[in-house]
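Sharing a structure with you now.
The first chain written gets the first letter, and so on, giving A, B and C; residue counts start at 1 in each chain.
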Amino acid sequence: MRSSDPWRPRRPRTLAAAAVLALAAPTLAACGSDGPGGGGDTLEVWVYQDGSSTIQQEFVDRFNETSDIDIELTQIPGESYQDRMRTAMGTPNAPDVFFNWGGGSISDFVAEDMLVDLTPYFDDDPEFQDAFIPTILDAGAVEGRYYGVPMRGVQPVILFYNRTLFGEAGLEAPATWDDFLTAVDTFQRDDITPVVLGGADIWPNMMWLEYLLDRQGGSEVFDRIRNGDASAWGDPAMLYAAETVVELVDSGAFGNDFRSVATTNDGAPTFFASGEAAMHLMGSWEYSNQLTNQPEFAENDLAWTTFPTLPDGVGDPSSVVGNPTNYWSVNSQVEGERLDAAVEFLKLHGDEDYAQALIDNGDIPTTSNAVDLIGSSPNPEFAQFQYDMVENAASFTLSWDQALPASQSAPMIDAIDQLFSGQLSAQEFVDSMQEL
Amino acid sequence: MTSTIDKRPPRLADDGPRAERPRARRPFRLPRANYPGGLAALIWLGIVVVPLYVLIVSTIQTRQSYLENGPLSIPDEITFDAYRTVLEGDFPRYLLNTLVVTVACAAIAVTLAVTVAYSVVRTRSRLSRRVFQLFLLGLAIPSQAVIIPVYLIITELQLYDTLLAIILPTAAFSLPVGVLILVGTMRDIDEELYESMALDGASQVRMLLQLVVPVSRAGISTVAVFSALNAWNGFLFPLILTQSPETRVLTLGLYDFVGEFRTDIPSLLAAVVLSIVPIFTAYLFARRQLINGLMGVGGR
Amino acid sequence: MKPQTSKAPRAGRPGIAWAIPGVLFFAFFAAAPMGIVAYLSFTDWDGLSDPSWTGLDNWTRLWEDDGMRNAVWLSLLLTALTWLTQTPITLLLGVWAAGRQRNRAVLSAVFFLPLLASSVALALLWRTIFDPNFGLAADIADWFDLESADLLGSSRGAFAAILFVTGWQFIPFHMLIYQGGARQIPRSFYDAASIDGAGTVRQFFHITLPQLRNTIVTSTVLMVVGALTYFDTVLILTRGGPGDATEIVPYLMYDTGFAAFDLGYASAIACALVVVATTASLLLVRLTGFTRMRSTREGM
């Protein structure tokens, strides 16, 4: 290449370019200390979009009628609320108030001082504190401090079944593991998928492990894991749970297609409602979901029971797994008047109005007055069952993926998927989890 | 540019002294019917058409009918409710966002690619060679690989959850191909044309606008379409860099419809169809430019 | 930035300043992130607190990680199978489409349709088709009396589904490239071959294929780089599952970065991805003559 550039020296231009880059770099570093997006006179509130989020919309609208500071409710649909909320929390545009599952789903934020400690607000307002069932409030706490206000119904995991199919087969709701296996055999013979499982989402698979572990070894095993003792994954009860799951998969109890059926897009519930599957282990929201989408099925066929007992299990048969409820948490960037408004909004959720709205939706609120409202539920029978189940539970274990921080729950979900798809044996699953 | 075609006559293994075959009737015609190709084309036709048929038929029935009869059967009752559901929802807003992103990306990519390419082609400097090499190397950076630092940069710039968060990196990643295409086009401009303009005392800006840009029209429209398609179909940047419905673009909107419409497959697929319609319309009117844009790199 | 003009008798040339906006823009959103991702790969970062330097930890972990090994294997397998399946099909279809058969234009237009949709839209379509209870897969399983329609639920099935869907989407693109290449082969070659009595097959192997050498290289490298960076389809169709059966490198990076929020380790994965993609792209630069284009200019 000829250097035939007669009219200018080269160096200054290079320097100019370097200078521009140098100028740009601090811009990068300097920004990013401002408050959450929205700012100004609004509060940005994020909620997981599903059948219940209309209630939140309704109460946000009601709040906005009287408040100077308006709330903007963003409903985040899709399979990845948790991931996307976490992504946004790392940015200056994080939501001011957001839906979460308590526990591990917020522990990272608490560690970084990103959430408002709500304990003083409960202390100052005993009426507000007493409005909620204490164990539920505690379930959302991190290290003894409250960071969340319960905002949805209790969500125990329940064994739903199709009472018509059970009736035709001459079966009762399974109380013991033997009953359950008999039912699986019977339905398989009749060409009915014994258990529907939305395995594409993986967390429905996890529910089976959760209950099997709880019934076999008691709730202490997962408590140890939750408290950071990874060796508890090696507990014999965990191995038993994993082995049992593998047996169920291999025997075809979940049908042949469960790995590509999703729950989040209603594939599994719709299949369950079609009458081609007999049982569905799912969170209590399954009921209101069916009531909305397949009302005939919900009214005529849908029935429910607790998870069966295991022959050698030492766990308390009254124990429950699932989500105690969901919580609102407040971003610590929210201050002054906006924080006052946020707290005012949160306090709405202890009111009887809100509890009644949940009841009308088929949910059981986590407020102390819930028991008095159950009678007005669209299905008092199911409401009472759910209430008693939670009320009498020896323990309520939070869903594993929500109880553990993201750095552990994501690999755990992957490992569970591998266990259910036969890529890991029960022993390999237990081994790999201990290494986390 | 250097021709990629080998100009030497092809060497055929000797066929022996077979009788001379009659020449093809028309001069521009493959001499023989390409039967294997035709057969493959027919098979491929089936592979392409069946899913498209499923796509369309699924959208003109009710959810109930779809769940009961499956995707193949023609519904007893044709209804466009699914389309109404989609259009009455947030779809128009997503479409508008996508249009803004698409136009902005194309504008940025074209403007910058033109100036860079002009400088690369005309500047006599070792630096311009470096510039060209930078963009050649840039071709090798997959956008997936830098999503984490881009997330960091966008966050630090306070642009998270804005349309700019999508536009800026998307446009940047369209630049290397744009520069490559335009350097190729501009190199073919005759030196004499510049000289005659120089005689008229034209400035560099005038030369660019009155000579280079008009002559490179084809290349520029290719770059515009290429970057526009890139922006239109982009998914990873919107997925990580935006959040709220106000900034949701079509691709992300479609992804979210899965959670929103759930087993309302007719509505979900109606959204899919509607997302294709704008590009399809563009295809009808500007087929050649679209194909060239698609072939952006490949066509060269 | 006012460009300089020259009073020299020859036409003036633009300064390198013309390239600066484009270079800065590209550097900021594409090149600088490359540097940042390299830096982050030596840190532990959860996206909330500041990254903390951990030296080579991520890299030693990368080297020993079974998940990464599996992802690299799957990516390479997917790339190889993509090339092996798509090249013969696109070559056959492309050469056929370059011919002058009747119906060719109509069929080509139909083949083109999948290209108009985004990967997201197509992945959603295929996801509903593969649904084992309500999709086309259920119908097909019924016809053949298969026990299961669980394509996405079996390791091989899910992998094959990714291969098929991405093929369905991109085959028309490569077909266009081959069509363009085949069109440029001078007719006289075929005429000469016809006179020598060479049949279609013979002509294909002795004229078409050698003449398309450069097109094949271009298409190959585009396929390779494309297959190494598939993401949208995997996210929507299989989410890397079942188990880790479709957890290819870009998805593993996304999962590590934006589900487990182990952003430092994800950065190391991203770096590894760039190394592989760059190697492939350098091949592109080497073999297709992008640099030759430059070197011919040097003689000016």
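By our rule, a residue touches a chain if its C-beta (ideal position, glycine included) is under 8 Å from a C-beta of that chain, and two chains touch if they have at least 3 such contacts.
Computed from a prediction, not measured in an experiment: that's the story for all the values here.
By count of C-beta pairs in contact, B-C exceeds the other of the chain pairs A-B and B-C.
Using mean Cα coordinates as chain centres, the one most removed from chain B is A. One finds 36 Å separating the Cα centroids of chain A and chain C.
Centroids of chain A and chain B (each the mean of its C-alpha atoms) stand 39 Å apart.
Our note on geometry: chain B versus chain C, Cα centroid distance of 14 Å, whole angstroms. Shown for chain B are the residues in touch with two or more other chains, namely 67, 123-125, 127, 129, 153, 240, 255, 257-258, 263. Shown for chain A are the residues in touch with two or more other chains, namely 1, 13, 79, 87, 90, 267, 270, 274. Contact with two or more other chains is made by residues 4, 6, 15-17, 23, 27-28, 134, 258 of chain C.
If you check the complex, the residues on chain A that touch chain B are 1-5, 10, 13-14, 27-29, 31-32, 34, 37, 49, 74-79, 84, 87-88, 90-93, 264-267, 270, 274, 293. Remark: chain B residues 67, 123-127, 129, 151, 153, 155-158, 160-161, 240, 243-245, 255-260, 262-263 touch chain A in the complex. Chain A contributes residues 1, 6-8, 13, 16-17, 20-21, 24, 79-80, 83, 86-87, 89-90, 108-109, 112, 114, 199-200, 202, 256-261, 267, 270-271, 274, 276, 406-407, 409-411, 414, 417-418, 420-424 to its touches with chain C in the complex.
Interface residues of chain C facing chain A in the complex, by the touch rule stated above, are 4, 6, 8, 15-17, 20, 23-24, 27-28, 46-49, 67, 130-134, 147-155, 158, 239-245, 247, 255-256, 258-262, 298.
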